[in-house]
Amino acid sequence: MLWRDLTLAWRRRGDIAMPVLYALIVTMLFPFALGPEDTLLQRIAGGIVLVTVLLAMLLTLDAMFSSDIEDGSLEQLVLSPQPLALLLGMKILAHWLTTALPLIVIAPLLAAMLHLPNAVIPVLLLALLLATPLLSLLGAVLVALTAGTRRSGMLLALMLLPLCMPAVIFAAGAVAAAQQGLPWLAPIAWLAAALVLAVVLAPLACAAALRIALDA
Amino acid sequence: MNFTGLHDFLAMGGYAAYVWPAYAVFLAVLIADSLAPTVRRRQVLRDLRAQLARQAARHARKGATIPGSAPHPSAPPPRSA
Amino acid sequence: MTHWIPLWLHRLSSPPTFYRFAGAVWPWAMGLALLTGIIGLYGALVLAPPDYQQSDAYRIIFIHVPSAWMSMFIYAVMGVASFVALVWRIKLAEVVAMQSAPIGAAFTFITLVTGSLWGKPMWGTWWTWDARLTSELVLLFLYLGVIGLYHAFEDRRQGARAAGFLAIIGIINVPIVHFSVNWWNTLHQGSTINVFGASKIAADMLWPLLVLTLATKLYYIASLCRRARTDLLALEGSKDWVRTLAAREAAP
């Protein structure tokens, strides 16, 4: 399952570049919009990188199931003898690998463009490493609910953004704490705990949501 | 009495600009919420009646053109057995 | 599985029966809501003494707190009804869940706006991103998400199930809103009213608050009955009982 999705993504590897390019462009816009003054950019750099990554992930989240719905393979998946939650877990993992991982790889570049102090970048990466799968998992459940409905992209954004506010708050909190030299482990620990919970529950919830959305 | 008169009451200790809009929002939103079902009910019933009327019209038309159910004016009278 | 449900409850879940039942209930509920509302508002605005710290600005509490309680209470009702709807597929549960959402959203909106209007003179700011305000705002988005998701489906019953699922996922937010003032350092004040044990609020300020709490609950019942009745008409449009009703109400 995982291999299948990764192969499919590789065939459309131009698409993998899209969130990355989007993130780069948006990040570059901020110094233009706010002025290149270092102190200002430094203060908001962590937050900007996090929000930009989140929005970039939103772009590809909507398409997680769309191609499979169109060619009917999603229904086959639901009917298959293997546990649906496991299959969906693999699908979510594939989404994270193809969308979030490239973003995390360029995150140091984005941070540098906004003059985030070098010492803070590892904390930023750690926060992203924990927050992005959380987003993939939570997003997958919501995408499953809206699968096949019209205007699902807009609805998805409306539903997802408020629900991932806590993750953003903790991730940004960790980065801000690190930037001020304060202990940053606590918010990271919260993120990790939430991630563990999500890894266990989200595929199950996603499977239930998909069944609701596909069955009449 | 907590207030020395109507003017004092409306002034709300100087906080009138905050207290009265708050109460106004409370009442306005709930009034809007109580009107919504009335409006929708009227719409639903209107749509239903229109649908019923259409279906009745269709039935009447079908009843007149099903062969054998009602004789055409120019058709010959049915033969007796 | 259903043998333990009392017969009257089972009968009530039949649409025409509920339609009649709700039709009898709502005028009383609305009447009582108006009565208790007027009493409560009089107590809140006229009878209750001014606060020694906040003068008359604190009177916003009498609509802010009951609305906040309703925003959480209605969400809980919506969650339970959605659960029933998903597990047992009872039509009425779907209707109750989906028709509670706009009422809950209304109360959440009132909570946020009145809170903001109270915050400006008291804290000096219209808004702050502390735990309670943020989680209440998330609650509003959850309500809007449920309403939006419900209306995104062609098949209303499927939409109700999907939106109900979202409601159940979001229920984690309700305890967060409630306990946020205990768990985090918030600008919003802590709880002063306890169900068990003494409350930290003066008696002549407490009673209008409790009366308005009752009033808002009665209003919710009345509003839900009316919305549910109309929704049942729309849902059951092809059934005889609805058709006779529609025809009868057309006759002048």
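Some observations on this one:
Letters A, B and C mark the chains in the order given here, with residues in each chain numbered from 1 onward.
Everything below uses one rule, namely that a residue touches a chain if its C-beta (ideal position, glycine included) is under 8 Å from a C-beta of that chain, and two chains touch if they have at least 3 such contacts.
Treat the numbers as computed from the prediction; the structure is a model and nothing was measured.
Viewed as a network of touching protein chains, the structure reduces to a simple linear path. In this assembly, A is the chain whose CA centroid lies farthest from the centroid of chain B.
As a whole-number value, the distance joining the C-alpha centres of chain A and chain B reads 44 Å.
Inter-chain spacing, taken between the CA centroids of chain A and chain C, is 33 Å. Between chain B and chain C, the centres computed from C-alpha atoms are 23 Å apart.
Shown for chain B are the residues in touch with two or more other chains, of which there are none. In the complex of the two chains, the chain A residues touching chain C come out as 141-142, 145-146, 149-152, 155, 158-159, 161-163, 165, 169, 205, 208-209, 212-213, 215-216. Contacts from chain C toward chain A in the complex involve residues 86, 134, 137-138, 141-142, 144-145, 148-149, 152-153, 155, 158, 161-162, 165-166, 169-170. Put simply, chain B touches chain C in their complex at residues 2-3, 9, 12-15, 18-19, 21-23, 25-26, 29-30, 32-34, 36-38, 40-41, 44-45, 48-49, 51-52.
Of all the residues in chain C, the ones that touch chain B in their complex are 30, 41, 45-50, 55-57, 59-60, 63-64, 67, 102-103, 106, 109-110, 113-114, 117-118, 120-121, 219, 222-223, 226-227, 229-230, 233-234, 237, 242-243, 245-247, 249-250.
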